[in-house]
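Two complexes come next, and they have one chain in common, subunit A, joined by subunit B in the first and subunit C in the second.
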Partner chain A sequence: MTRTPLRPLARILSARAAGENPNVIERENIRKRHEEMHDKMRQRAEGRLFLLGLFFFCAFVVVGGRMGALATSEPTEPRASAPGATISAARADIVDRDGRLLATNFETHALYAQPPHMVDPEAAAEKLVQIFPELKPERLIKDFTGTRKFVWIKRKISPEQMQAVHEIGDPGLLFGPRDMRLYPNGRLASHILGGASFGKEGVSAAEVIGVAGVEKQFDDYLLDPANGNRPLKLALDLPVQAAAERVLYGGMRLMNAKGATAILMDVRTGEVVSLVSLPDFDPNNRPRPLTRGDQSESPLFNRAVQGVYELGSTFKIFTAAQAIDLGIVNRNTVIDIRGPLQWGRFRIRDFRNYGKELTVENIIVKSSNIGTARLAQRIGTPRQQDFLRDLGFFKPTEFEILEASSGNPLLPRNWSELSTMTISYGHGLSASPMHLATAYAAIANGGYMVKPTILRQSGPRMGKRVLSEHSARVARQMLRKVVANGTASMGEVTGYSVGGKTGTADKPMPRGGYYEDKVIATFASIFPAHDPQYVLVVTLDEPVETSGDEPRRTAGWTAVPVAAEMIKRIAPLLGVRPGVEPAIRADITPASSN
Partner chain B sequence: MRTLFFVLTIASVIGLAFWAYRENYATREALAGAERMRDEIRAAHSRLSVLRAEWAYLNRPDRLRDLADLNFDRLGLLPLRPDQFGRIDEVAYPAPPEQSRLEAIDVSLREDSE
Partner chain C sequence: MTEMVYGAVPAQHGEPILPKWWRTIDKWSLSCVFILFAIGLLLALAASAPLAEKNGFGTFHYVMRQGIFGSVALIVMIITSMMSAVLVRRLAVIGFLLSFIALALLPFLGTDFGKGAVRWYSLGFASVQPSEFLKPAFAVVGAWMMAASLDLNGPPGRTWSFGLCIVIVVMLALQPDFGQACIVLFGWGVMYFVAGAPIVLLVGMAAVTVFGGALAYSHSDHFARRIDGFLSAEVDPTTQLGYATNAIREGGLFGVGVGEGQVKWSLPDAHTDFIIAVAAEEYGLILVLIIILLYISIVLRSLARLMRERDPFIRLAGTALVCMFAVQAMVNMGVAVRLLPAKGMTLPFVSYGGSSVIASGIAIGMLLAFTRKRPQGEISDLLRGRRG
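Right after this comes the complex of A and B.
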């Protein structure tokens, strides 16, 4: 670049000669130079602005063009997708503890009609009724010939029915794919599984949603597409459940009971390996809930978790265990049981007269109400309440099926000393069999609470300690004696050293008072008593055993034989090996217990 | 020199265009193949789930029990009983090898850990 000097010598000299100020020339030159620089910079800035404008123009054209293209084109699925995490739209399966299928999906079709496209609506309606006899022809003809543009005909049809509808050949009869929930085992574990139905429904798909049981409880998990091929694993054992249902059904028929329930629980994990409530239903074709009358008459009613009953003498072991735990008594302390025990207007009687006094152990073995009430008096109301609260009798169980949350125990409104005494032998407090099983599991596993669960667990899940190791062991030995030579002698199963406690409670009338001849018979058992692995609670509703001269209703004659038969059938299936019971150390009480 | 340069450039453009054309169709073919395969996988999955459901249905305890009852003459199947548990030392050793006749060993004993 040529640079013109600001003070060119030739001009300065001539200006000086002319007597002018040479600085004027310099200023003139500076001004010119500035003008030049100014012009150059302006040009450059304009160029940059133009470029930037061009860039923005192009960018907006691209964006606009893309938007236009998206707005006018048909949407398509991306064709190339990376294989990897498989996403499945189908509801996840439910399997038992060994992976056997309990609930799965099945592709079927729904049948619908578009009347404007129908060729011969009357004939089509007639033929449809031949295929589906439950449809009403008048109704179909009315729908097909009216103003309706769309009519659902059937929600689920079989392939054979679909073929038959194809053969009608009417272009207005159309099919939409449907995923149907299928329970291949039929009525088995129906109360656990619950059932499913359709949620949001479209022509090409319908959402399958759970309506009860685990299907409802774990709806979010089952519907999550990411869990499509990760089935929900339950703690149930299919063969055990089948055997338990069969034995309980037989027992219910034999004992003329109108309902029955059985819960089999692992004492360390809280896993419910089997849960039966009879009568049951087929979840593939779930009946409608009763609109009137007593819900507990419906087969949908889950007696194991929803039915709250006074569970009778099965509660006595809690009173005895607590009294021993508190150090008030030991198993050989003699208690005065002369009766009847008068309390205000109320009298506590025993089933029969057991004499003047019994040891704590024999109070349990012979099931003396008076003796238990005397123990409860010594424990006192606050401590009894605390213990029963710890055992979970104050709130619904945390068992993970929808119905469990409605199994709210019924507690006395005013917990008087009389309540304390009656509750000590299981009257005045109503709880579900699931509550009872959970509390017995605490005795069986050495004094720890467990949470009843339907999900498969990987290991023991012992919670809070509610009983000392020693008192739990003494309680177990007492339970064993009840079966060995007490009220539950029919519960003896060779090799499994069953321990348990019977309970027979009169059924309350809806208007207050108790029925004379209607009872709830319960047998809560643990096996093997010397090293308990499982708790089994069997409850029969209104059983009558009629083989003798007069009808017998006590649990010892009704629930106990059923439970014994059940243990005989399911213990081998559970892999519990029959063994010889170690001898109970005779009356040795460790010093720490007192 | 210049002409040669132009000819080469045009030739390479044509070559590249041909290559891109072929690649385009090869990609479409591959995509269509992948889609066919996905359809096959989907169909296989649904068939599998139907078969699994059918297997579970055919193996439902009710049916197996009925079958066991029906074929009691031939199979003699009974529910598992506590007295069928055995100990490993109750299982007889096989006959010495010099005996040619093989004796059947009862394998119905189930060995579980205690």
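Right after this comes the complex of A and C.
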């Protein structure tokens, strides 16, 4: 490239010679150079401007195209949720052992408001309060006239209420479909079912999640679409449950108890056919947990699995059965029961004076603390611990409702020989009624542990053997005798040969020590005693029976009649045929058992 | 002799103003602006009625105001378009100084009208947004500096204009008004591009823009919230965007009918930022496409005329003005169809807005002044073309 100088020397010199201003020549050259440059730049800019034009053209076409695509698409109500994250409202039903409905879903609607769309917020609020008296008008008006764009008003409304809201006619009041969990039987089996509430919540759907009971325990199963909405089948029997609840409620009122619980368990499968805890609640309208005070006072508290109590003399049969199982004694061995039994500063007394000595069988029948303690002394601490551990008294039951895991037995911190003696008759170790029912099932089914379960089972599920066939049978016969002519004589139900053991334990005070006049009365029974099919544990909390001269609190006067009434009502429902009891040949030991 | 007796025939230097204006002006673009303004009035009839009702004015209060301000804007536009390029430049420089000072004083004297950003001066009868006037003035001043740098022995005007641009962008970003800041930055970038920016630098600038965007996203809540709102796949039915999208869908091809639209009742900015949604709902896709067509023709015709322009200043200033105008329209409509994140930008001439309409009038007037036909030495081009 050749450079053209702006001040060409030849022209400058000649201009100077002619007396002209040489700058004129430079300016003229600059002007020409600018002309040239402008031409060149314009050509370059032409391309770039064309690019710009093209860019804007394309951009506007895209905007126009998008506008067209939007305008021709169907107008849909905008959704708050992305399509990927849909809320699954499906939840499987829960049915009892015969397929009767315990929990199902019910289509309802939630009511919400979009205040920006409302025509007359004040009038709408007023009419809403007429439909739903529990709403506060001031609050509604504040919500509707403030800056909020979205207000939930009611989570569940009935079709009639929905119609009434429709008739208000305000476009800002809207409905979202809801699947509501419905418990058609109301309070029946409330502690088993627990309850459900809404989890993730959107305008168009809400997830129903369990909050307690089997609803919570089997939440994953119930929500899993892979199960194809197959219902969850429980071991519960609805008519039995209804009868049990009714009888227990009546018994609780008659005995002036503040709470009660009953567990009916199949001795071979561990199925819990009925579980009642009173006071109860309506899972359709689950009350809030107590914010203060003792949670065990709440109706939500499941006494059958959460409540751990000193279960009293019901434990004596374990001591006796173990002693027989170990071959220390047989049922006719005579034990010295002269009392009081002094151990350090502690004295063990009997409820009454039963004389100087009793056979093992009569210790159970008369419920002698001293006699049982003597047996426990001969068994010894380690063997007692092993046996109770085998029976499941050392850890929470594996019953499949959420609350069961919190039913942790209370064991003595320092298991002394005195502990061994008191535990042998049910003091110093607290366990739940479910623990007791499970252990009685082992005696009833011939010595095998079962796992308590709420799910329907197809056949017997007997686990580890904890007692020999023989000692289990002897224990059963002793239990039968307790009812036939012992402390539980009111438990006799003609045709069902009930066997069982009473237990009356003083309630511990929160600060230590025991109440004089507050007891936990328990009756753990099996029926029919010669071929047991079911275990029934009935526990009353602070019962007082006042028909006599003095208030009676012992289980024999309180829990036993309630249990007897219950067996009378439910045994036919369970299909247990009444029969003639084979004679107990108590004095004849079968040759095979030795 | 006759002349001595009767006086000289009035001498006419060059052509008379009005015929020359009419001969050289871009009549198509001028018509497009008028049509846009007419559409704006039509839409204001629908869109501003709810606002007027809410604020307790007569139903067509805002339509009247728009008519008055629009008429003033159109007159200003025509007067400006009659000026010579040099006069435009001089006035623009003065205007730039004034609006720059006004912008600088905003934090002390301005008001935010409760919208969270101090952008306005309240004059009682109207509010003035200095940045609206600063934009076109900056286009002219920047082009002037940049064109000067292209001359032999010229000053480093490119650097100067860039420095000025950055100062303005920072001031706008502090308000915060990222929309206007982006437009100013874009205008400068376009000038630089047309003035012959090296390609490497352009790529670098793109990178800086991305980086700056990321920085703004992480450090400004205002900015981040808008981006988040855009990126989330779902449209919250209660946001402005949700309403706008729904309105466009409801409108379909031919609209729901004059005055039948609903979106104007729900959107607080229906008469400004989301005027296109009102148009789409009431008059359908047809009107939207007409509006887009009008903007395209203004932009493309102006750019085509600037392609012939030999004067670097005029070319740069014109380009910057038309690109700012185009990008503003594009962003406004792009937001309504959710191609771009929500940004408070008006649709020039169509949206309601007192001072901003006048500012648009000045900008387009200057553009029209710059795109007037001039002798461009086309003969020499032709000759060279034949030679080459």
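One rule holds in what follows: the second predicted complex is superposed on the first by the 498 of 594 C-alpha atoms of A that agree within 3 Å, B and C clash if a C-alpha of one lies under 4 Å from a C-alpha of the other, contacts with A are read in each partner's own complex, and residues count from 1 in each chain.
Going forward, a residue touches a chain if its C-beta (ideal position, glycine included) is under 8 Å from a C-beta of that chain, and two chains touch if they have at least 3 such contacts.
Keep in mind that this is a model prediction, so the values were computed, not measured.
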Open item on the list: Output check: A:Arg389 vs subunit B and subunit C. Expected answer is one of first, second, both, neither. What do you get?
Closed with: neither
TODO: Identify which of subunit B and subunit C touches the larger number of residues of subunit A.
DONE: C
Open item on the list: Just checking: does A:Glu107 make contact with subunit B only, subunit C only, both, or neither of them? Give me first, second, both or neither.
Closed with: first
TODO: Would you sort A:Arg569 into first (subunit B), second (subunit C), both or neither based on which partner it touches?
DONE: first
Task: Contacts of A:Arg230 with subunit B and subunit C, given as first, second, both or neither - done: neither
- [ ] Check the residue A:Leu188 against both partner chains and state whether it touches subunit B (first), subunit C (second), both, or neither.
- [x] first
Open item on the list: Just to be sure I read the superposition right, which of the two partners does A:Arg347 touch: subunit B = first, subunit C = second, or both, or neither?
Closed with: neither
Open item on the list: One more residue to check, A:Arg577. First (subunit B), second (subunit C), both or neither?
Closed with: first
Open item on the list: Counting contacts the way the document defines them, which residues of subunit A are shared by the two interfaces, the one with subunit B and the one with subunit C?
Closed with: 79-80
Open item on the list: Show me the residue ranges of subunit A that touch subunit C in the complex, using the header's touch definition.
Closed with: 6, 30, 33-35, 37-39, 41-42, 44-46, 48-50, 52-53, 56-57, 59-60, 62-64, 66-68, 70-82, 114, 116-117, 149-150
Task: Touching residues on subunit B, where the partner in the complex is subunit A - done: 31, 34-35, 46, 49-50, 52-57, 59-62, 65, 79-85, 110, 112, 114
TODO: In the complex, go through subunit C and note every residue touching subunit A.
DONE: 150-153, 190, 193-196, 232-238, 242, 245-246, 248-253, 266, 280, 284-285, 288-289, 292, 295-296, 299-300, 303-304, 306-312, 315, 319, 323, 326, 330, 333-334, 336-339, 377, 380-381, 384
TODO: Give every residue of subunit A touching subunit B within the complex, in rising order.
DONE: 79-80, 90, 100-101, 104-107, 182, 184-186, 188, 238-239, 242-243, 246, 493-496, 568-569, 571-573, 575, 577-579
